[in-house]
Structures are given as structure tokens and as C-alpha cells.
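Look for subunit A in each of the two complexes below; its partner is subunit B in the first and subunit C in the second.
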Partner chain A sequence: MLVSEKKKQQSPILKILSLITYKKTSRPRSFVLPEQNEGQEGGDNSQNYQAPEGRGNEETQSEGKKRTKTLRKPLSPSQVKSGRRDVNEVKNDIDSNLEMIRQQFNVPQNKDLVIREFILARDKRGFIAYLDGMVDKTVINEHILRPLFDLSTSDLAGDSNSTTLALENIVETNDVKKLKNFKKVFAEILKGNTVLYVDGLDYFLACESIGFEMRSIETPKTEGVVKGSQEGFSENLRTNISLIRRIIKNKDLISEFFEIGEKSSTTCAVVYLQDLINPSILEEVRRRISSIKTDFLVSSGMLEQFIEDSPYSIIPTTLSTERPDRTASHLVEGKAAILMDGAPFAIVVPVTLNEIMHSPEDAALKWQYATSLRVIRFFAFAFAALLPGLYLALTTFHREMIPTDLLIAIAEAKENVPFPTLVEVILMELGFELIREAGIRIPGIIGNTLGIIGALILGEAAVSANIVSPVLIVIVAATGLSNFAIPNYSLAFGVRLLRFYFIIAGCFLGFYGLALALVVFVLMLVNLKSFGIPYLSIVAPRNKKSKDAVVRWPIWMQEERPDYLNTLDSRRQPEISRQWTQEDAPEPSGAGRNKDQGPAQQAPAGRNQNTGKEKESSD
Partner chain B sequence: MREGHFGFLEALSLMVIVLINKIFFTSPMTLIEKLGTSAWLGTLISCLASLSFFGLLYLLMKRFNGQDLFQIFETVTGKLVGRGLIFLISLYFLYYTAINAQEFAAILKAYSLPYTPIYLIVLPLLVIAAAMTYVGLEGIARVAYVFVFPIFGGLVLILVLAFPVYDWDYLRPLFGYGLDTTIGIGLLRSSAYSEIIFLAIIINSIHGLKYFRRVGISALLICGLVFSLCCACILAAFQYPSSSEHLSGMFQLSRVIYYSRFFQRIEAIFLFIWVFASVITIAIGFYISLKAYCRAFLIKNHRPLLFSILLLTSAVCFLPRSFPEILQIHVRVIREFSFLLIYLVPILVLLVAVILRRGGTSNDKSL
Partner chain C sequence: MTKAYRFLSGLLIALFFCLPLNGCYDSIEIDEEVYALAVGIDKGVSNIIRVTVQYPTYKDGGGGSGGGGSESGSGGGGEESGEVNGTVISTVEASSLLEGISMLNLSSNRQISLYHTKMLVFAEDYAREGVVRYVEPLARYREVRESMRVVICKGSAEEFIKKSSDFVGANTAKGMEMGFYQSQNTGYFPDVFFHNFYSSLISPYGQCTAIYAGVNEFKQLDSQEKEKPELHTDVDLEPGQIPRKGGSKSEFFGTAIFDGDKMVGYLLQNETRFYLMAIGKFKWGIFTFEDKRSPGDAYILEITSSKRPETKIRFEEGLPVIDLKISLEAELISNQSRIEYETLDKLTELEIEIEKYFHDGIKGTIEKTQREWNSDIFFFGKKAAAQFRTIQDLEEYNWLKHYQDAEVHVDVDVKVRRSGFLYKTMPIQSTSPDQKGRK
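Coming up: the complex of A and B.
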């Protein structure tokens, strides 16, 4: 019977009741992605659709139940791999090996893999395989194929072993590896190398032929300096490591490689100085990186999130830098740097808050300049986090603190503004964040222009429209500037969020709220750790006095590496690093003229002062 | 319980902050009310008396080297009595935390946040103290070390900036209502330094007896001198009749700072240091109370109990019906009579240990 006919036969009472009783609605079946092998087992595509809950049909419900029973837990990529038959061993039969490569790379569906088959002398079949676009074709043509085709019959005489020996010597690439395992063969192809196989052999030859397009070395984008190196990392891992090696020419500089990502197989390198780094820290870095199980990893930011100690902290516990010189300076402190293929950043671990607040330029500047800049930076940190909150607390709870003239000026400016101060502050802060975000997203010079124009126009318009008071514009601008003075992007981001936390604290309880919020913030900081190192090291816990904390002592006085790292060699330089201050200066070339001068004039500057370390400091 | 370890300076900071916290509240007023112009001397006498008590406490701890106070209670008096004593200490510190929080809130309301409901002042304070307890003793000590500099900096700033209003003649007569009164009240108020017992409870976190003695003596001496100096400055600024009416002498002192029309009424900025000191004091009180409770009932993990103890502390906090009641009964109990529990119980335990020949003297040559 049709539904409309049924309705007609219902009594009026039932009709009224139907208006207030719950009715199950029939919905179209929704698509459900089938689990592994589900489609094959069922052989019916309709099983991909799951009946919606509450369908009236009993039969469909039972089918649904059945399907629920057959649903399996999704298999992880590693489980899927282990389920397959062992295919890793290279066969000594060209057809099997060819088939394996075709199958694994989905040829002919996958157009990137190039397989070039050929016949050598004595009718020996062979092939090379590589990924198009990842290789330098000149290397393949000139140094792999040409030597092979130039072979004479006598070159390939003998048993299979001698053939191999000959092949290794024939191929003219600088790096050749024998691979008996297909996993490694695939990895080499994916890296951009070319694999060569000749019938009868039980392994492949991987010939180095990487030659894809990459960005050249450019100036760092986010860590620019006036005095110092102008080189930044690029996306190529090898180039990045070489940039570090160019700075640290040391045989103990080790780079260990790890593959992360089941799908992306991203290569990561842990770089460290073996004779310096604390082995426990190194072991922890290895442990964390090698235990990452994910399918895709493309940026160092993603890696940071996988290895950081406190994922819920809004303050970063690793240092991300795009400068090879900065990375190198941390390596010689006894830390580890993690580089990733495809990411122009190095992650330095472990780090402390103090180090994150340092700028790469600090070491290049005279200690007086560097120290004053650091003090400014720490003030900037405090201003960026606290200034709007303080303003709010002052104007809401502690007006007596504001000098009368200023209070009158603020009150006059605020007279026509209809919003409470909190709304004003939030509006302006959000506006500022909006301009900043838009400025970053809009490409090139327009972005910068938009930032300045947007801020000017928006601020001016907001004041004219009596939406905010002019004092607040000053506060927000000072806060924004302070935020830009924080030398680390992630930390600056964290402070941007912290600002709202302090705004709310100041708004509800004034200075009392701010003080409580500060206690919580410090509590969080003292409990943070970066690879086992307390984040506030030097201060809490207190370590041996550092000469490179907020005050940067002269570079020749920094004899020791940071105490908290417990490096294998804690001494950076001898107690008297400026040995020249202990020696007599050579006789000036015009000796005859000096005879006329007094003894005080003859003595070179600083010579009389340097009998000990204390004397050195008086220079 | 998560206790962790920390060094000499962290322990010293923690103890100094806890001992000195009361200077920001009603303690100077009460002292001046009772001793007149010799309040500064009275607190020095209290400090010396506390040092003597601390010496006895040290003897007890030395006799049972490697054990904390709670373990000693159990070793000497047996499990039942020992745990009873530990439970008593837990209750006392719960009361101590609640009353301190209430005193802080009342003063803050009187001076700075007159329109804010008292529960809005107390509850965030207790919640943050609970959060610090959740993190553990090591976290509290490190927070204390970070904040000891602004606290002391602020204190020195107040004392120095108020210098123009001092009239040192106001300190006469030097012995106030008489030397006997000064000594008597000074001895009675040695309870104001009773927080030194925390050291005996957390001794295993501060590397044992060596730091225990150094931290204890240093903290008592520093606090005694600072307390005395502050009392003297308050007296010199306001004379004793007015000083005995100011709820918070230090707050009043910061209020009179005047250098120009621009640099005046800056007392609100010093709220920060009071809050830092109070939060740390209340957090450590909360922690000790919880630790004692867990020890008394053999509970290994303190974290599930946090909420219950927080609730209980809040309830105790709101028991007093008025500010005079807090001042005249509860604060008085803590600052004048707590020595009966805090000092006398360990001394009795020491006597029992000597009589029953329990424990032995330490052979630690480093002491």
C-alpha cells in the first residue's frame, strides 16, 4: 500500500499524535570507504554504501549488522607490508626483476618511471631504471649508457662475478652501490639515482645520477642580519649539510640519515659533533626520530611536532633556523641539528628560552652592542605579551596609578568611544592580526604595502569613527613592534597568543589577575623540557654562571660551553684565548726612530696590562 | 608524590618567600600594636627563638639522618601515633593555607579590588596553588627561585623610595612598652617563623642535612633582618599609633611614595610581588597538607586528591564570617600559637627518641 493511502486511512487522533511523536526519517544511503580487501571479498560494489541508521526495512538492518561484523580494523601501512610475500630479494633473472620493478612502480600506469632495456655484447640483456625529472640525463647518457654500449665482447667474458666486477669499473659515475635488496633498489630510484641490471647478476648497481632542479642558496628570509653570513639553507639536504661542513671543517662532524614517512620516505639527517655532544642527548634524538610512524612528512615544522617534548606548550622547545652559521654555532656548543630533505630549516635541539631569544647576529657584534640588543629583546618579549593586558588593568582597576594629566587625556580620548576598553583592545588586536596575516598571504611588495597602508588607514578610520581611542592605537602598535623584535618566529607566534591570555587576566582581575597569569606562565616554563634539558636552564634550575645569557660577555671570556648540556668537552677555549696579549710585540721596522721615544711610548698598547685574565678584561 | 630535587638557592628562595610573605599583610600591624616602637626588636627576638627551635629540629633530623620528619614520627612514636601526628600536621596546614588565602584576599579587597567579590579573589588563588601542587615540589621551588628576585627587588624599592618620609625619632623609645614585654611577645610570636618546619618535611628534596642546616639558618636570618627592617621603616614613616591601624604597613608605605606629580600612587605595581609571594606560600602550604594526608593514609598518588583538598580548603577559607574574625582568631592562632604543634611536637619526638634510644647520631663528616 502506498504511503499516501495509508495516511488517508489513519484516524484523526493518530494524525494529531503523529505531529508530536518522533518519526524515523528515511535518508539516502551514504558512501562508506571500503576497508582493505573488503571490495574484493564481497565482490559487490553496493557494499560500499552503508544503510543509514533507523531504516525501517528489517532485511536491510540485518545486512547492516552483517556488514558491521565483517568490517575490519584498518590496517597500518607496516601491517600491509608485512602481509605481503617476501619480495625483497633480487633474483638473477632479468624478467623477474623487471616485472618486480614494473609492478612496484605501477608501470605503465605510472609515467614517471623510465625503464630502458638494451642488449650488450654477447647478447646479454640489461636495463636501467630511473625516475624522470629526478636525474641528470647527461650523467645517464655519457657516464652510464655510453660506456656500456662501448663494451666489447671480451669485456664481458667470464662468469657472472667477473662480469659484475667489470660493470662496476665500466660505469663512470662517482658513486656505485651493489644492492641485493629490492627495498634499497626502490629507495635509490626514489632518491633520483639510476639502477642498472644485467641479466645473470643477483644484484643491482645503483649509480649516482641525482640531478633535479632546486632552489639555489639564497639570503635567509626570516633571520636576516647586517653583520654576518648571508647564506641560508635551501631545500636540498646534501647542499644544507655541505653548507654546515663548509663552516665546521671537522672530521668528527657526523651526519646520520633516517627515512621517515611510509609514503613520502623523507630523508632526515641528524648532524652533530661526535666529540662534543652528550651521548644521552644523541641517543634520545635518534630514538625519537627513528620511532616516528607516519605516512607523510614534508616540512621541518611537522617533524618538530613529532619530536618536541611538550606538544601542548605554546612556547617552542626546539629552535628552527634557516642559517647554516647559526646551526654550526649550536653544533659546536654540543647540540644536534636535524635537517630534512625538502625543508630549508634546521631544527636544533636541545634549546633553552635564553638561546631562543638570541639573534644570529649577537656573536658578530661587540659585546656591549649585543648585550643592549638582548636587553631590548627581553623587554620586547615582556611588552608583546603584557602591554595590552597592563593597559586594560590600569584603565579598568588601577586608575589611581595613572598621572592625572595623562588620565584626563585618556578619558577625553575615550569619551566618545561607545565600547568598553576590553572590546576596544580585542578589536584592535584582531585588526592588527588580520593586517599581518593578510600582509603575509598577499604576494610580494603588495603585501608589505597593504600592511602599512592597512594599519594606517584602519587605525585612522577607527579613531575618526570613535571605535577606538588614540591611546590604544599607540598601545597596539607598540605591542606589534615588540612582537616583531622577538627573534624566533615560533616564539613570536606563541607570544601573540599569550597576549590574549594576559588581556583576559588583566580585564577580569587587574594586576592581581595579571600576576596570577604570570605565575601560571612561569610554572609552565619551569616545567618545560627540551630533550631532557630544563627550558629555563641557567635560571631555574640554576647552573654554572653563563657568560652568554642575557649579558653577552666578550667572546674571549666565554671559555666554557653551556653547563646544562654536559658536553664531552666543556671547555671552548683556554683561559687566555688572546695569546697575543701575553707576548711581546715584534720590534717595529723603524727601530732607529723608536730610540728617541720614551719607554711608555715604545710599549704597545695593552702589553703592560696583560699579566692575567683579570688584566685582560680591563682592555 | 612527585617531589624532585633542587639546589640550595631554590630551597632558600622558597623558604625566604614563605617566611617573608606575612610582612605584606597584617603581621607588622599586630606586632606594632603589641610592642609599640620595639616591634623591630620583637621580631628579631622571635627570629632568635626560632633559630633555637630550629637547632633542636636539626638535632632531631641529624639523629635520623636520611629520613624526613614524617618518617621520623613513625619511627619514634610508632605507626599509629606517628600517622596521627602526620594527619594533625596535614589538618594544620590545610587550615594555614585557607587562612592565609583568606587574609590575602581580605587585604587585597580592602586596598585594591573593593568591588570584586571575595570568592573571585580566593578561588583563582587556590586553583593556581592546586595547579602548582599538581606539578610538584620541584616546580614550586623553581617558580620561587624565579620570583625571589622581583619580590626582593620590589621590597627594597619600597623601602628606598619611601625614604623621604622616614623620621627615625619615631622609633623611640627603643624598647617600646618595656624590654620584658618585648621579649615575652617576641618569644610568643616565634610561631611567625614556624614555616621553617617545611624544610624538615622536604629534606629529601634538598640533598639532606647539609642544605637543611644552611638553608634553615640563612632563611631565618634573612627573614628576621628583613622583617625587622620593614617594621622599623613602617614605624619611622607612620609612628606607632598610626602603624598599628594600617592593615598592611608595607602597602601603606608604598602608597606614600611621592616624587613628583607623575611618580606617585604607584602602590598597585607592588601588587605583583605580593601576589607572587602569596601564591607560592599558599601553594607550598597546600602541597605539605596534601603530602601529609597522603603519607598518613599511605596514598601514593596525590593528584586524584587535589580536587577534594581544594574543595576542603575553599570551604575552610570561607568559614570566618568577617575580617576581624580572621585577624583576631585565625591569624592569631597561626602566628602566635602554632609553635605548640610545629615546634613542640618535634621537640617531644626528639625527647622520646632520646629516652627510648631510637635513632643514632650521624657520622656524616661533612656536617
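Coming up: the complex of A and C.
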């Protein structure tokens, strides 16, 4: 009895305690990057994308309970279709196959699908099917149809096996696939390939004939640089991967393909360097991408939202870039890039705040210039987020901190302005955002000009109409400029919103409020993760010092890859990468690929001065 | 779980609404206040205190330009409104300083803030009766800028503030700041901040000083001409007596000396320079010396301090002995007699001569503070405190009282390091045989 009484007495305390003690929540499994050689669980999730039709029904139902109600709706027609197993197998008579394709593509209504029937060598019926507009017609005419019509009966003699051999040899396209499953057949047609069927076979032959209009490679629009490559990604996935492959000529560069989108069936590629990337990160990327169930995916921004760690964070946790060279440099660090057909952007994961603040040009500049640029960029980050808030806090709470002359000037200028400072600030900020948004929508050259002129005229007019004080124009303009100095578009967006958060904090509680707001913001940052990597890595948690954080040290000092990525090979270059600094440097012809062990052993430190120097400074 | 979440979120919201209770809700728009630049304290007539406050107007023209030079600061934009040089000066009689300032809110229509006050002016006769009553509330009140200067002026503080307008710039606040900055360029007055003043008031190591100032009515210039003017190198002047015309009528000149909170005397301009040298605050100044080898001619030196002064204090037979070592550097910037002082032997003579002048001056100043006022404005007490084992010993001894018993040794070291752009004095070539510099 006594015990139970005690229990009763304790229970309210325990209850209160339970509110503040840590408990595991029932949120979906989050990903934490294990150290090397730690467990490799959850591997079979990657099977998902390979056999989705088999598990589809159970999965949606079990998930439906946890997720929103919309998923509990009756199964969609396509799911019903895919549920019927036997339908997917290719029959060995031409009429049923023809009927299947016609039915699936709704042929009488759908004018895009072209089915060309013919008779081979006088007795064998056959047909090809392709989507008009997606194919290169010369390929079909010259390399598929012509060789087929040139056949004689003897070429097609024998059983079905030899026919295949023959067909594969006859068709002159460079890629030919044998498909026994209709799903795959449809996918090939949808990609722009041509499928060939000859009566009596139990498979289709998919011949590569993709050829459609697309944008050529142009200079990047949002990530321009002065020094560096001027190539940007285009909308074609293959071209984009080739752009990367042209920079990293390595057999370990692997691109895995995934189809996402029930209706759009968009191809996504995960590109990585197999001998570098931490397998757990790769596994996680695969798991996230393959488990996406949606009907439509058109931009990499949408994909980003599906795979990011913290959807409620105001700061992006993935890096989106339109530069192949930047993507390549991240791949070589041991990261994965996700490319999507139809999107001229690569999503690089995982990233840290530090890396997002880097500009693609940094590596090309001398380290002193790059460092100063980075310092400015970090200042710009602080200014863009804090300046209006600071101004509000200063003028309404901490007037003793403003130099007297400036204070009197501000007061004088504000004499005829009827609004409190908060209203002024919000008016101007909104005005500025308005101009920016309108500038994007207004077509052509007028857009850019209007942005600048609009800002000037609006500001000037607002001052002379006594709506805002002139100091505020300076503040808002400086904030806007700082915002443009942030190298990442998404991050700049986040900072624009953050600014209003700090304005509120500064307006109601002064520096005290700003300090509180800043603490909350930093807590949020510390809590963020990007594919298992803490977002503020290097700072919190502290890892091995980086030679490429805020200060970018000379390139020959950057010997190791980022510690937090736990790459399979952490070394970028040997301790002495500039071998010419050594007196007995190996001859260029004899040096070969022996860099990794060579120099340090060949020339013991201290034997000549240069070696010693470089060793010291690089440490 | 939902209950707990609800409770927790309720708690968070409650905590959020606690934030405004933590202070910081005294938000005031910048133009709802006026910022007093100068505060003057005079003896009242019908009540105890008369407070004068100067604050800038927020009219067009920037930072208190307004009247400008054309009105020569003679009351400026109208005696009645008290508008001078873009600022308003208004005076009120009240029972206390802060009450007086808050009564002035009525005349300014805005709240008067002391966040940006540049100077606090006491009338001299008032300061001689004791200032602690008016200083203490300022030290305690949170809205006071502790870095304002403390000025004691001859005559009335109200008059002083009215006459102290800056004619160079359009900005009164800047004019005041720059005015105090001249302490470093001349050494004619010390730069005393309010927080230093207050901490010296309560310090057992030394006494406080203030800037001594006055109003110059421009009547010191003699109009009748003499045939041959004489050279006077060591003229001691009180504030308001500089023979000059034009510019601001106010003058900072000399040091006011306190014993406790009462002003007891003042140092003249040269004594002030010696005082600043002794405490290590002398930066730079021009000195004119009469050339003994060629009477009527002068040589001019630019003096800077080269090292911080070293003070050592020991007790001999119960009496304190002060050893003060001062190092100065000089640059010869004019040599009217054209004697070649650049040569080594002459240079040493010159140095000895200057050393003697500074030695006598500094020692004389220290002894004057001992003899006349027994006021340790040099803060020797701070060094002397090291000789006592406990605070109680020090307090029992009462340094401030025994300061006059101290024996002072001053050692001045002057090095003439440069001779300006000319490294050699060359004779002037002329037809007349008595031309100077001829050998």
C-alpha cells in the first residue's frame, strides 16, 4: 500500500518531469551519419525503386495511417493496372501486343503515338512504335526501317532465338534492348526510343532514337563568375552528366538513375565518386529519392523539398547550383549530386552553412582575395539579416550609442515624418521587395532598369513626401545590397525573411530582443542537419580544422577533405604538392603517378630549406 | 501526449509574454526627445538652483546651424526664445537639478534627455560652496552620459553657455567636442570627464580637478600702440583675459582645483601644462623661451612627452618623499637669434636650460598645490598607498591631509631631437654689417 501511495504522490512530479525530460518522438526515422565501419542497416530500402509494383499496395495502406487522409483514397487506376501482373508480360502474338499498346496509349485520341506496321520478308508481320516529336526521324528511317525492309526470307529463318540475334544485328542503332515487360516498353517509348516487335517473339526490341529540340549550353544565369568556366547546366540530363564527366574523367564517377513521378516519370540521377563518398550518405540519398511517391516533378526545387532534412527550417540544407565545375568540385570532396531531367540545376548534398556561403569563384582566385571576399560575404549575411533590426533597436532604445551629430541629423530628418520608425522600416522593406519581385516579372531589359530606377525614384519620392527619413533609405539600400552579396539564392531568400524576424525583435525589445532572437536563430542552426551532417560543422560540432572555411588558405595547403564527411579517402594531395620547391624533385617524365608516397621520402625534411619551409607553413 | 504538448506550448506562450516584463519597454522615438548638449548650474535667486540647458533645434539646416556667424552670437535669433546658433538655451529656477530639467520639458515640448550631454558647467562661486549635491544625482541617474566634461566657469554658467557658440562649423555638438579636444593640442586646460570627476571626489588618493573657463568680452586688446613691444614669454592669464578678438567668447584656460567637493583655487595656463606633464597627460604644445644669449629674441620649441612620468614614493622618518621623473622631447621650430643651436655643445647647453625651466615650473606647481591648497591633484596618493600594508593603515594615515608634508624631488629630462626642416642655422646675407648670425 505504502509503495502505491508513494507512487501516487510521485506521479504528478514525474509527469511534470516527463515534460522536460528527453523522450524519443515517434517522428519518422532520421538519418545520422555513422562513423566509418558503423552499422549499415536499412540497406534493403534501396530495393524499393526496383520493385515498387509488388509492395505498392501494402505500403500505401500502412503509411496512410500515419500520413494524411488523402492517401487513404481508393487506389488510382494506374495502381490497379500495375496490380495486374499478367498484363505486364509481353505476349508472343502481334495482335494482343498491338492492342495493349493502343489501349495504354489511348491511340485513337492520342495523336502523338505513331505505330507503323509492316510485313517483313513477305510473311512476318511486325510494327514499330514511337512518340512523335521525341525521336530523331532520320535514325528511324535510315537505321531501323531501311535495314528491316532490306531483309530477305532467309535472314529470318529458324527459331525465335536466332531471330533475336538476327534482329539485333539488323537494326543499326547503337543501343538495343530486349524487353519482356510492358512497363519497361512504355517507359522506353516515353523516353523517345522506338520499340520494334516482330510477330512470334515474346519480347520487344527497344532501339535508341531519342532526338528532340533542347536548349544549348549557356552561361550560368545566377552564379556568374569573372574567372572560371562559363558553362552552365541545361535541361537535358545526359548533357548535364556529360558536362560533369568532362571535368572529372574518372571511372569511379557513377551515375545511378531513378524514375520519380507517377504521371511525369521524371528521370533523376545521383552522381558520385564511388571511391570517395561515404557509403552511408549514398545509401541515405538512395533511400530518400527512391521512396518518393508523387505524381509530378518538374524542377529540382521540387525535388529539394522532397528530400531535405528540415522542411520547416528557413535556411536551405541543400545546395543548388547550375555550374558543372562547382558540382564537380563538391563531388571530389566526397558528396553526391542529384540531377534531374528538365532542370538546369544540380542539388549537392550534404552541405554546411560554410559551404553555402562559398562562391564558385573562390577557388580560382588567389587566396588573399578569396579570403577577403568571404569575409565581406559573411558581413553581408549579418548586415542583410540584422541591419534594419539594429537600426530600430538603436533609435528606439539605445539612442546613447549613436554619435551626437548623427543623432541630431536623424532627429531633424525625422521631424516631418508622421510615422513611428517601425512603420517606416516596414514600408521601405516592403517597397523594396515589391520592386524586386516586379523587376523579375517585367519582361526584358525594362525589368532590370525598372528595378534600379524604381528603387531610386521611390526612395527619393518617399523622402521628399516625408513618408520616410533619408537615413532609412541608406539602411534599406545597404540591406538590399548585402542580400545580393549572399552567393546562394535560397539562402538569400531565407535571410530576407529573417530580417523581418529581427525587425520585430529589435522593435519590441531592443538589443535584448535582438540578442534573444539571435540565440534562438543560432539554436535552430545548430539543430539543423543536412543528410546527417550537422549544418554548422567545423564550428559546432568542432571537427578537424579546415583550410577552406572562412579563411581560404593557399591551395597547396589544402591537403585533406572535410573531416565531417568521413570520406573513404580523406587526403586530397600529398603533404608537399608543389614538388618543384624541392631541389631533387623528380623529373616530370619519371614522376608518373607516384606522387602519393614519393616526395616526403625522397627528400627528408631539413635536407633543403624549401621543404622545411613548406612543411612548417602547411602545419 | 497532446495534453503535454498543449501544456508545454501554453507554458512557452506564457514565457513569451513574460519577455516584455524584463525591462526594455521604454521605447521612445528618436524625435520625441531633445538631447541636451550643455547643462549649466547657477545660484538661484528665489529658489536654490538655476539650471540652464542648451539643446539643438530640429529645424532645417542641419545639426544646429541657424544663426551662424552673421549674428555674432550676440543673443542670436532673439533674446526671448533663447535661440542661439541653431540651439535653444533655456533657464529655469528649481529646487533640484533633475527637477529643473524636467520642468524644462515644458518649454521644449519634448522630453529632455541627458544621453548626449557634452558639458556640465558650474558657476565658480557656486563651486566654491560645494558641488556634491548636484553631482551625486547625475552619477546615480541612469540617463546621464558619464563622458561629459566638467567645467567651472568664472561668472554665470548661463552666460557662459550663451557665449560659447562655435563659429567654424554648423554643428554645435561637434564644436563642443572639438573644443575639448584642444586640451591635447595645447595643454592649456585638462580634459576632465564626469566619471573621472566623480571618482576623484570619493577617492582617498587624490583630489579632483575640472576645466577652468571664462567669458572673454574682447576688451583685453590694448588699442594704443607702443614704440617697441617687449617680449613676454611667461604671461600668466586667467580665463577671459586672453587678449584676442573674434571667434567664440568662451575660453577654457586653466585648471580648477578642488578640496573635497569645494573649489579652492585654480592653476593658470602654464601651471596647467606642468600639471599635465606631471600626470602624463601632456601630449603636445608650443613653448616660447627668451634667448638669454640674445635678449629680445626668442626660440620656440615644440614639446611632446616621450615617456610616461615615473613616480616613486617612499617614507623617510614618517614623511613622504616623492621622486618624479619626467621625460620630454623637444623640436626646435624657430630660432630668432640665429645662434647655431644645432651644434652638439650648444644643444646640450640648450637642453640644460630647458630642463631647468621645466624643473622649476613643475616643482613650483606641485609645491603651490601643497602650500596653498593642500590638494593632491596629481594623485600621488595612489603610489603612496603601496607603502601601506592595509587599507585601514592608509585610511588612518589620511594621505590627503599629509600631502603638504611631502618632500618633492623632480627630475626632468629633455632631449632636443629635431630641428624642423632646417638642420643648420645659416646666417642671413645682407649689406648691413650688424645682420644676425654673422660671425
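Note that the second predicted complex is superposed on the first by the 501 of 619 C-alpha atoms of A that agree within 3 Å, B and C clash if a C-alpha of one lies under 4 Å from a C-alpha of the other, contacts with A are read in each partner's own complex, and residues count from 1 in each chain.
As a working rule, a contact is a pair of C-beta atoms (placed from the backbone, for glycine too) under 8 Å apart; a residue touches a chain by one contact, two chains touch by 3 or more.
These numbers were taken from a predicted model, which means no experiment stands behind them.
Novice: Counting only touches as set out at the top, which of subunit B and subunit C does A:409 meet: first, second, both, neither?
Specialist: second
Novice: Which partner does A:353 reach: the first (subunit B), the second (subunit C), both, or neither?
Specialist: Once the two structures are laid over each other on A, A:353 reaches no partner at all.
Novice: Which of the two partners, first being subunit B and second being subunit C, lies in contact with A:485: first, second, both, or neither?
Specialist: A:485 sits against neither subunit B nor subunit C.
Novice: Which of the two partners, first being subunit B and second being subunit C, lies in contact with A:512: first, second, both, or neither?
Specialist: both
Novice: I'd like to know which partner A:396 touches here: subunit B for first, subunit C for second, both or neither.
Specialist: Touch status of A:396: second partner only.
Novice: Looking at A:210 after the superposition, I want to know if it touches subunit B, subunit C, both of them or none. Which is it: first, second, both, neither?
Specialist: Neither subunit B nor subunit C is touched by A:210.
Novice: In the overlaid three-chain picture, which partner chain does A:526 touch, first (subunit B) or second (subunit C), both, or neither?
Specialist: In the superposition, A:526 contacts subunit B only.
Novice: Output the subunit A positions appearing in both contact lists, the one against subunit B and the one against subunit C.
Specialist: In subunit A, residues 397, 400, 404-405, 509-510, 512-513, 516 are touched by subunit B and also by subunit C.
Novice: Residues of subunit A touching subunit B in their complex?
Specialist: 397-398, 400-401, 403-405, 509-516, 518-520, 522-523, 526-527, 534, 536, 539-542
Novice: Along subunit C, where are the residues that touch subunit A in the complex?
Specialist: Per the stated touch rule, the residues are 4, 7-8, 19-20, 22-31, 33, 35, 37, 56, 58-60, 62-64, 113, 115-116, 118, 145, 171, 173-174, 177.
Novice: Which residues of subunit A touch subunit C in their complex?
Specialist: Spelled out, the residues of subunit A in touch with subunit C are 18-19, 395-397, 399-400, 404-405, 407-412, 414-415, 420-421, 507-510, 512-513, 516.
Novice: Give every residue of subunit B touching subunit A within the complex, in rising order.
Specialist: 6-7, 9-10, 108, 112-113, 116, 120-121, 124-125, 128, 131-132, 135, 139, 142-143, 145-147, 261-262, 264-269, 271-272, 275-276, 279-280
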